[in-house]
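Structures given as structure tokens follow.
In what follows, chain A forms one complex with chain B and a second complex with chain C.
So, the complex of A and B:
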């Protein structure tokens, strides 16, 4: 029995290393000197800590604006996904009405749509409407990707808040809106924030639509993939590191919800 | 109550409108763009796509990647989910670490594995120390298609196994403990309990995991571009190059429609394949 326990422990540790080691090594690469990329044999320990590579990365044309664009697009996506998705989630959680199952099914079906089916035709239309190569255009497509998840996640979130609390507020003289604002909102807030962060990550990580819908105003992912072919290795590694950082920070912030968020999102 | 119903529809309306404009409309338009050449209906875009030198390898590579990655991921995630049921302490910490890749983009994952596999990279350092190679070796080049393929598989396993794990762990939590305990009383060993109880009861979760992962694996793209440039072609990558480099929305849409068709076919396949077996087991 003890041998079995040791084996289990060993397997768990190996799998943890499998996840963590590559992240650690990209950090070491990003914070090493530039020529360390070509050092042989590689040291697994940080040799000389330097921000030289990172500074070079941020000094490169397009990186800072890409970073700013990524943040703006992700923020817009976050706001639109919550503003459109949360009301629908609330309606699904609280009301019975004809067409509810059809709506649910349609939302679930959007998952089977590959991104090119949305993004390629939209480039044609966006050029007509002046949305091509704008941050709003990219954010709109990212919202389309994040919205179905926002609806499903907020719906289960509101289901978890007892209807009786709301009804008690009505009997005490609150209007529907007041009851929602004073009773439901405070309880839903942490979950809504987690949903918003989820939408942020969806947008931050998206490459395909962001690239083909833009030309000059590129997000960080779109910029990186378009210069990948002609950039030096250390530049790529610094880029990889800065793509991962926000993901790690956010994942840590919502670790309590991590499981239920992605659980609902992948049902 | 009609007033309540009205409110419900009002709350749904914005999202319905948005989904119509950004899903239903582009969906219809993808077919129109794919089926028109200079304003006239034709299959020309599909013909161009099929004649292209990169088409056959892209289709073959995408299908091979799915066939290799998805089963490996399901097996790995299943083992991880089973290991989690055996951990007593620090279960939350382990689960947190294992789900970190959920937030990592495919582009970032590709770059991370590029760093590991580069000529003077970490993996070569280890291989050299083990005496398996001599000095820096270039793996990621068009001359070594197998190495490129393995690198993409490794990066995808690293990045996207977590989503399968989440689905399976949620499924495992739904299985009542009593079943396993009862089987244990009757003398079933650990493997038998897994084979006869856990696996059959996990079938719905396995089905959704398989469908979701296959759809996502069809869209594998940035990982491949980061690791191989265009030396390893995939369908989604071709859609990208036709749109972004050649500015040909028609052929790009043809690729999009093809990808959509394959994802629908795979979804239907898994729905059927796993349902049939479920019925036979009920008897």
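So, the complex of A and C:
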């Protein structure tokens, strides 16, 4: 093997450890006995596998419903972000209209306002609209946060799909919609999947809006932030474990679309 | 792909139904206290199980509790039935006129024998009762048994002085090579309470009035000496139970709830004892949490019933047993308490009953600017102790910040400062 190859291997190894090591340590601590968390020096290998902490955690009121709420809110966010963002991205990519560049910039503005500043007024409005303490309300805010990315990612995505393909479909008898559905969509799928992941992760990780806008229907992140700040270390590890696992499962489920996105990128 | 789409649809539908079905008849009990997951579960499953009304115990970080109540009041649609929070956290709500006065309820609960000073605190210097005392805690010291053999000659653990604490830390450092005193001086720690309720009263007999006195200069110099034998990682500690359990720290100061895990997990390894005393006495600070009913509460009667229930002596003892917060009503404590609570309880009793005890209150009358008051102390600490600034000069500069804050809020003196007419004078 050449030196170059060794170097690449080493880089791959470092990158993998970079991601996997913290996850490994969280899992070991979450499933270890409680005093092992405080033990020093720490043992790298798992000692005495026990599900005590995780089981208590899972049984605590609010964890299971929080998990379900988080998944629902993230899925709603994903669907709404794509449903609203993809058409906007398509329009930015295919049509020339006055104010296009300004619009492209303005889309980012929603990210410019820190939510803590908006907290009280936003909550007041949501109570008035009857959206307070509903999953839909939280998902709407998350959609607003995810939309800029959705619009910008999909617009560059549609830009990368040759217009000629679409035009060819038109000449062969497709309507604009049919051409989009049968020609553009399949090519855009990996990119849309990436956008979906992005929206999902934005929603999954968002804490502040989810906390202030919900009371009895908390997402898992909002629940954890209100509970874990003052909990002992071993529960923090258990909480971390519960936050990581569903996100990992989701990314694994959707990874084949991502991989084909890289296929397009290297074309 | 098709099945995935179907799944999304089903989940969305489920989400909407879950979201609409959640408004039950139970009273929402929103609390900034007892947030740790085990404590919250105990409240739900042990303490509230026999309550006369169904309650949904929900916890939120303190600023969130305040923001939420302000928002609900402004929207005119209150869903929280009962609030449980610290005296200082409820104050902004009192000022925003969000709480319903509870004088009637207080009159009905006369048989409870509440600690008189707590009842007064709940009036915020006026005549109206804004909350009912719920539970109390305080700050004490904890030490690993290994540290005890290094106690200075002739020192009594229950009557320690700050000078002996420094000597103790120095002895430990000499013997083990490590600095093993510890303070919660991290960003999430409660170090400011140490200055306001322990160090200042012990050395100067006051907090506001004596801020820049000569006694205060001597105090900061003495504390800088103590810091010399303190674990430098103290500036990142938040909960002293963690470095204690990890063995990084052998002697620590913190809130009882933030030490409890050490007493609970290894009752044979740790001892609790009162805070040290200075020349003016043994300053200490009780912390009070109260129960308040928001104006426009969906069911004020249910909230009143919950308060009635939660302040019963037997429920208060249960609260102590389960979550280690101490009763606010005069009641006989049972002898079969869990070991950790027993350990801390004895230290609290010794601290309160010490002949030189000098109780200090949390700041009163500063309203939402209490954060600035706390920052004043941590800033002064950082300047003098961490950066080695000149004590006299620093205090002369910082006292202006204090004077402005007190004058702008018009806060009268609170114990241990002598009562004042109008804003508390700063010497």
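The rule is short, and it goes like this: the second predicted complex is superposed on the first by the 211 of 267 C-alpha atoms of A that agree within 3 Å, B and C clash if a C-alpha of one lies under 4 Å from a C-alpha of the other, contacts with A are read in each partner's own complex, and residues count from 1 in each chain.
Simple rule for what comes next: contacts are C-beta pairs under 8 Å (C-beta built on N, C-alpha and C of every residue); 3 or more make two chains touch, one makes a residue touch a chain.
Just so it is clear, the structure is predicted and the values come from calculations on it, not from any experiment.
Visitor: Residues of chain A touched: more by chain B or chain C?
Guide: Chain A has more residues touched by B than by the other partner.
Visitor: A:212 contacts which: chain B (first), chain C (second), both, neither?
Guide: A:212 contacts both chain B and chain C.
Visitor: Who does A:71 touch here: chain B (first), chain C (second), both, or neither?
Guide: Touch status of A:71: second partner only.
Visitor: Of the partners chain B and chain C, which touch A:228 in the superposed model: first, second, both, neither?
Guide: After superposition on chain A, A:228 lies in contact with both partners, chain B and chain C.
Visitor: Please work out whether A:123 is in contact with chain B alone, chain C alone, both, or neither, and reply first, second, both or neither.
Guide: Both: A:123 reaches chain B and chain C.
Visitor: In the overlaid three-chain picture, which partner chain does A:110 touch, first (chain B) or second (chain C), both, or neither?
Guide: first
Visitor: Using the superposition on chain A described above, determine whether A:56 touches chain B (first), chain C (second), both, or neither.
Guide: second
Visitor: Between chain B (first) and chain C (second), which does A:244 come into contact with in this model arrangement: first, second, both, or neither?
Guide: A:244 contacts chain B only, not chain C.
Visitor: Looking at the overlay, does A:163 come into contact with chain B only (first), chain C only (second), both, or neither?
Guide: Neither chain B nor chain C is touched by A:163.
Visitor: For A:181, using the defined touch cut-off, is the partner it touches chain B, chain C, both, or neither? Pick first, second, both or neither.
Guide: In the superposition, A:181 contacts neither chain B nor chain C.
Visitor: Mind sorting out which residues of chain A both chain B and chain C touch, each in its own complex?
Guide: 38-40, 119-120, 123-125, 211-212, 225-226, 228-229, 233
Visitor: Flag every residue of chain A that touches chain B in the complex, lowest number first.
Guide: 8, 11-12, 15-16, 18-20, 22-23, 25-26, 29, 37-42, 44, 83-85, 87-88, 90-92, 94-95, 97, 103, 106-107, 110-125, 140-141, 143-144, 147-148, 151, 176, 201, 204-208, 211-212, 221, 224-226, 228-229, 233, 236-237, 239-240, 243-244, 247-248, 250-251, 255, 258-259, 262-263, 266-267
Visitor: In their shared complex, at which residues does chain A touch chain C?
Guide: 34-35, 38-40, 56-57, 60-61, 68-69, 71-73, 75-76, 79, 119-120, 123-125, 127-128, 132-136, 211-212, 215-217, 225-233, 235
Visitor: For chain C, which residues count as touching chain A in their complex?
Guide: Interface residues on chain C, with respect to chain A: 8, 11-12, 14-16, 18-20, 22-23, 28, 30, 35-38, 40-41, 44, 56, 58-61, 64, 67-68, 70-72, 74-75, 77, 79-80, 188, 239, 241-242, 245-248, 261, 265-266.
Visitor: In their complex, what parts of chain B are in touch with chain A?
Guide: Interface residues on chain B, with respect to chain A: 4-5, 7-9, 11-12, 14-16, 18-19, 22-23, 25-27, 29-30, 32-33, 79-80, 83, 86-87, 94-108, 111-116, 118, 120-122, 124-125, 128-129, 135-136, 158, 162-163, 166-167, 169-170, 208-209, 212, 215, 218-219, 221-222, 225-226, 229, 236, 239-240, 243-244, 249, 252-253, 255-257, 259-260, 263-264, 267.
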